[in-house]
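What follows is chain A paired twice: with chain B in the first complex and chain C in the second.
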Partner chain A sequence: MNSVEYYSPTSLKEALNLLAAYGEEASILNGGTDLIVRMREGQSKPKVIVDIKKIDELHKIEIEDNYVFIGACVHLNDLGKHQYIIEKYPFLAKAALSIGSNQVRNRATCIGNICNASPLADTATPLLSLNADVHIYSENGLRTVPLNQFFVFVRKTILKQDEIVTGISFEDDDSILGVFYKMSRRKEVDLSTVCSTVIKSNKGYFVSYGAVAPTPVRLYKTESFLNENTLSQETIKEACMIASQEVSPISDIRATEKYRREIVEVTLQNSLLEWL
Partner chain B sequence: MKKTINFILNGEPVEHAVDTNKTLLKMLREDFDLTGTKEGCGAGECGACTVIMDGKAVNSCLVLAVESEGKDILTIEGLTVNGELDPLQTSFVENAALQCGYCTPGMIMTAKAMLNENPNPSLDEIKEGISGNLCRCTGYKKIIEAIHSVAEQNNS
Partner chain C sequence: MKYVGKSVKRVDGIKKVTGSLKYVDDIKLSKMLYAAVKRSPYAHANIVNINIERAKALKGVKDIITGDLFTKRAGLYLEDKNFLAVGKARYNGEAVAAVCAETEEIAQEAVNLIEVEYEVLPAVTNAKDGMKKNAPLVHPDLGDYKCAPVFFPEPGTNISNHYKQRKGDAPKAFEEAYYVIENTFYVPHVQHVPIEPHTAIAQMDADGCLTVWSSCQSPYAVRQSLSVAFDIPLNKLRVISPAVGGGFGSKAGTTLEGIIIPLAMRLRGRPIKLTYTREDEFQNAYVRQGLHSKIKTAVNKEGKITAVQNEFIWDGGAYTEYGVNIAKAAGYASTGPYDIDNVWTDSYCVYTNHPVGGPYRGFGMCEIHFCIEQNLDIVAEEIGLTPYEIRKINGMKPGGTTGTGELVTQSGLMECLEQVSADIKINEKSKLSSSKKVRGKGIACGWKSPSMPNDAGSSAIIKLNEDGTAHLLVSAQDIGQGSDTVMTQIAAEVLSISPDKITIRTGDTDCTPYEWQTVASRITYSAGRAVYEACQDAKSQLLELSQIKLGIYERDLKLKDGYVVSKIYPDKKIAIADLALGLTFDDGSGIHGPIIGRGSFIPPNIRNADKHTGLGEHPVAYWTYGVQGVEVEVDIETGETKVLKVASCFDVGKVINPQLIEGQVEGAILQGMGTALLEELMLKDGKVMNPSFVDYKIPTSGDIPEMIIKFVENPEETGPFGARGVAEPAMVPTAPAIANAIYDATGIRLNTMPMTAEKILSAIKAKEI
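So, the complex of A and B:
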């Protein structure tokens, strides 16, 4: 690993100042389960590390005013074992607990998972289907961006060098039912071959997939078809066809393109069958 | 570049100037000679480097040493107090739950953190609990039995 300067600011302001001062040379350190591996492998060579874990306000999960807010430093285990999340958003809890091992989840964070913008980020699909907003803090104040506009490409987001994600929020809606699927080669400690979250609520269907495009994606065509038709064996079949064409997977070491399209059909079918 | 940090290591407060680019794993092994903690993959996949940080099992290869500031770190060496083995260590010996032994410290630290949280895990909970620890020798059966027997002692 290259030599680094390490800072652990205790306020957002201080963290922003550091990011502004060091620009491209600085990396934010959160759970570290991704960054430290990348540094070890020479894929990341930050000169300055800004550890944001000492900023208290980033550690909270808040349920307030009909919104659920997940702070940037909330660990995957804390999210996945949070009583309210387990009861009302079990698919999100399941997604959080599907990542890495217990040891990894004690360090890794949901926001880190999102900010890394891996195409197969496991917590991205539940949050996309929940229409979550990303809270971004910078010198100009706070802005929120819908998660579906946050991802740009593989490992690329709209986040600028001098910005910090403080958390992610979504509307607390009693009518939401959701199903999360993760298909992987091993049961534990593996990356998704395909992952998905399908939500049904008073507002309609929300379908998101991971590992089938350069970023986690919403399947809007599939959603409109589902919203315009009543659920039946036939419409489920048709929705699955549409979904398998709407995604744009590639072949890689985990699976072929064809297999991924098939898995999209199977997982969507299984998800929708829950509500038939 | 070095930074001085203060933390608790196996019950003792320490002050130590550490390279800012060193992982907790490397610091334990190289600076403190605590070589019980092993490096397998160095990337969060095998669990050989597991230590307990503020009561939670973590992969020490995925933590920078400087992040230990203010933390309470427990390694396999810290389990033995005044020459007295921890019940988990005794149980691993009695159940022959190791062959080459490379995974053992990580396994035991993972099990320790698990039993602290849940003193009576079921066999399935034990299996899930150690799923972040690879063993290339034993086939896991004896490891699971060794942990289970400690859980049963807790029960009685």
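So, the complex of A and C:
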């Protein structure tokens, strides 16, 4: 019989000890909306589950010292309905509220969405474009890694077995304007066929896409082009061409490669048109 | 009328909304065992060897069966199926062995330990290929199968039924036509996705009595099929369907019951439960058949259709015990609701190595109308008529004849067409909403008759209680459509007692009387009529006793609010409660005894159509006609379609419960939208590629458009209070109306569904070039 040992530590230290003790056999349980599904399908077979939801410090959204910090256990609904986030980063709120159903968003977390490292993670593109940092805690203390270096491949991150992501942060910048797009077969409760966040700030343009490569990606070539040129109908058109070539989508059950490239063009164009 | 025609609250409402209603999977019996199924990973393969030794050795495993233990075939119309594969597997997912064990987990683990050796065979994965001469045969023994005489299998081929309709002289009409046009369409497989998956429990007593608890639409039809398959007499086989969490046709026949019954027969006394997962539901229950169709139309100068030639090729899947009748029903209805003098139709049900096709809301009508109604718009445009005009010219009116040659005496189609055209403003162009989004309107008509054996019967029993309340017993199943409430309303109306004084009991073949099946949109009509008759029977007994008691002629008595009352002197009355157990005299003696009303009904005079021509004077009970109009908005940059508004009007004879019928139509529209825009069972070499809600999408509440729902009431004389069925018909025009609206908006016609954003965008881009 399959049996699973379940632990619910109340401190980070305790959680780390459990992860260290059980190594590969342990899985972190946060909202569970990915893990439980994967366990049912036999894709994950943990022997030990370390539920981090009882660690109080992981539940906060902080806005301090010019930084916004989202704790590991902040639910998508809490993020998407957070007043400060709605006002200053509506594209991030929109991304958070675009995932799953209301019920799922009451359980699922933004950090879980990131750590799951799906190529189409909806909260990844706003955070990539925000140049967010991932806060990783281990026995050696805290380290931060830029989100664009966090993803390795489909469902693979740089995270080691004995590490816990405590949250994600980004600079609180008044000049940021952003647009989030999610193209999906159905309006509610669906995975992205393509998702994107385009940000314009004092520092330039930041363009990120999901479901167009093995991981959510920044489109650096497209960004450079935009940063080097003045926005116009012509440059938007050219930027869209560059972006559609910069991505590397595949054909799957949800859409063909061709359609994904077309949607990259349309969504980038419509994002940039906001500022023309 | 006091109760009929009123929005009486659902009698099952409180139990359903509080979650207290017990479904089959909620039933826990002592010493219950759980089953799990070993399934074929191949679409078509000989079973060379099955090794169950390792599985058998697992602790907690009680029994394992394979197909060779029970080789008798079963089926509703054509006995072509085994519940466990015998000799070979005919679809990816077919059951080849079943385990029962102390827990579901042990059963599943044991299944993984069963080793099956296969010899893979070439598979039929396209019905058109399956009709070719050299195609692999899915059922080489088709010629030996038992079959109802109205179906025509062609042994030595994959064709399990070939229905022909030959009305008038179509070849001549085509020669003389002013204009001839031919179009082809394809409708892929979809699944019913009831909220409750299939589930059943079987238990055989020591004396050989078998009880089956099953989430099924048709306890009696299930009992009959199982009785034949397992040689159990009907008096020793009890089927109970306590509640059904949606069916849409998928729970009409037998599916998983036959897998657990052999186990129950071998382990007497032990109840055995099997509940399907959502993945099972998509692969191993029933699916809607695919359809390849070709329609050729001849038109005269005035836009009158003078002839049609139809070819319907149904992808029936591995077993077509039920699907053969879909091919026949589609043949009967092949003209659509139009009056056409010359018809040449061939409708083929073809075996493939795909999941098993079966009844699905519409029973073939949604599929053929997707083709017929688009074809009609194409014809109209070619000859310079509007979609409204061509329907006005050709739509069925009283005095016309159907494809089977039956004279039509009742049709509200024209009234529906006028109503919907007005509600959707079909003759006014949609306004542009932006340069990137275009809008368009479309209409479609539809018709459907109940597809059932000519003698499909219903019965009902009403028992009066000594306090003036009553129990109504039927085996019509409330599968969400509201039949418990409608049956109760009909009884309440006839007996003139309020619905809350009537308790309805359904779904137990030992206790509730015969009902052929809860399918074919026939329950309000047929079971409703049986309830009406049962209550009339009880009423006549009440009047007979009242005549004695009150000394007033029966003809001068009526039922009113729980009393038998004189029509002339209203103060002369006697309570129904006082007569429920019979009439008691002053000396304490009594007569008659408890009042039980019984009602039976078979639609009158339905006769088989001619074998060669498919023609018949009265081969179906009636036709339900209706029209829907749709307005859509298409994003020309992404191809996304949004349904903005749907107007619907059906001739239902009589609305028994306005709120429930509206709910039926709303649900039908949403389901029609789902198939039009989102749903497709994606099949690759016979394997279902999207067997879950992750990649099989149905509409959510977020997709609901504005809906204008209206009805016309031209009574059906054989129905209760004039009612006829509408639950399925209401879905029939939705998908083609959406397709026609998309064409109006974009000039794009895909000839297939679902009309996904990607397909539309690709067509828009192709058109630009």
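The rule we apply is simple: the second predicted complex is superposed on the first by the 275 of 276 C-alpha atoms of A that agree within 3 Å, B and C clash if a C-alpha of one lies under 4 Å from a C-alpha of the other, contacts with A are read in each partner's own complex, and residues count from 1 in each chain.
Simple rule for what comes next: a residue touches a chain if its C-beta (ideal position, glycine included) is under 8 Å from a C-beta of that chain, and two chains touch if they have at least 3 such contacts.
This is a predicted model, so every value here is computed, not measured.
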item	value
Partner chain in contact with A:Asn2 - chain B first, chain C second, else both or neither	both
Contacts of A:Thr256 with chain B and chain C, given as first, second, both or neither	second
Chain A residues touched by each partner, larger count belonging to chain B or chain C	B
Chain B versus chain C as contact partner of A:Val266, first or second or both or neither	second
Partner chain in contact with A:Lys53 - chain B first, chain C second, else both or neither	first
Partner chain in contact with A:Thr33 - chain B first, chain C second, else both or neither	first
Partner chain in contact with A:Asn106 - chain B first, chain C second, else both or neither	first
Touched partner set for A:Glu188, first chain B, second chain C, both or neither	both
Residues of chain A contacting chain B in one complex and chain C in the other	1-2, 187-189
Of chain A, residues touching chain B in the complex	1-6, 8, 29, 32-33, 36-37, 39-40, 49, 51, 53, 77, 100-104, 106-107, 187-189
Contacting residues of chain B [partner chain A, same complex]	1, 3, 19-23, 42-45, 47, 50, 53, 56-59, 61-64, 66-67, 69, 110, 114, 128-129, 131-133
Touching residues on chain A, where the partner in the complex is chain C	1-2, 183, 185-191, 253-256, 258-259, 262-263, 266, 270
Chain C residues touching chain A - in the complex, by the definition given at the top	105-106, 109, 637-638, 640, 678, 682, 689-690, 694-695, 697, 699-703, 756-758, 761-762, 765
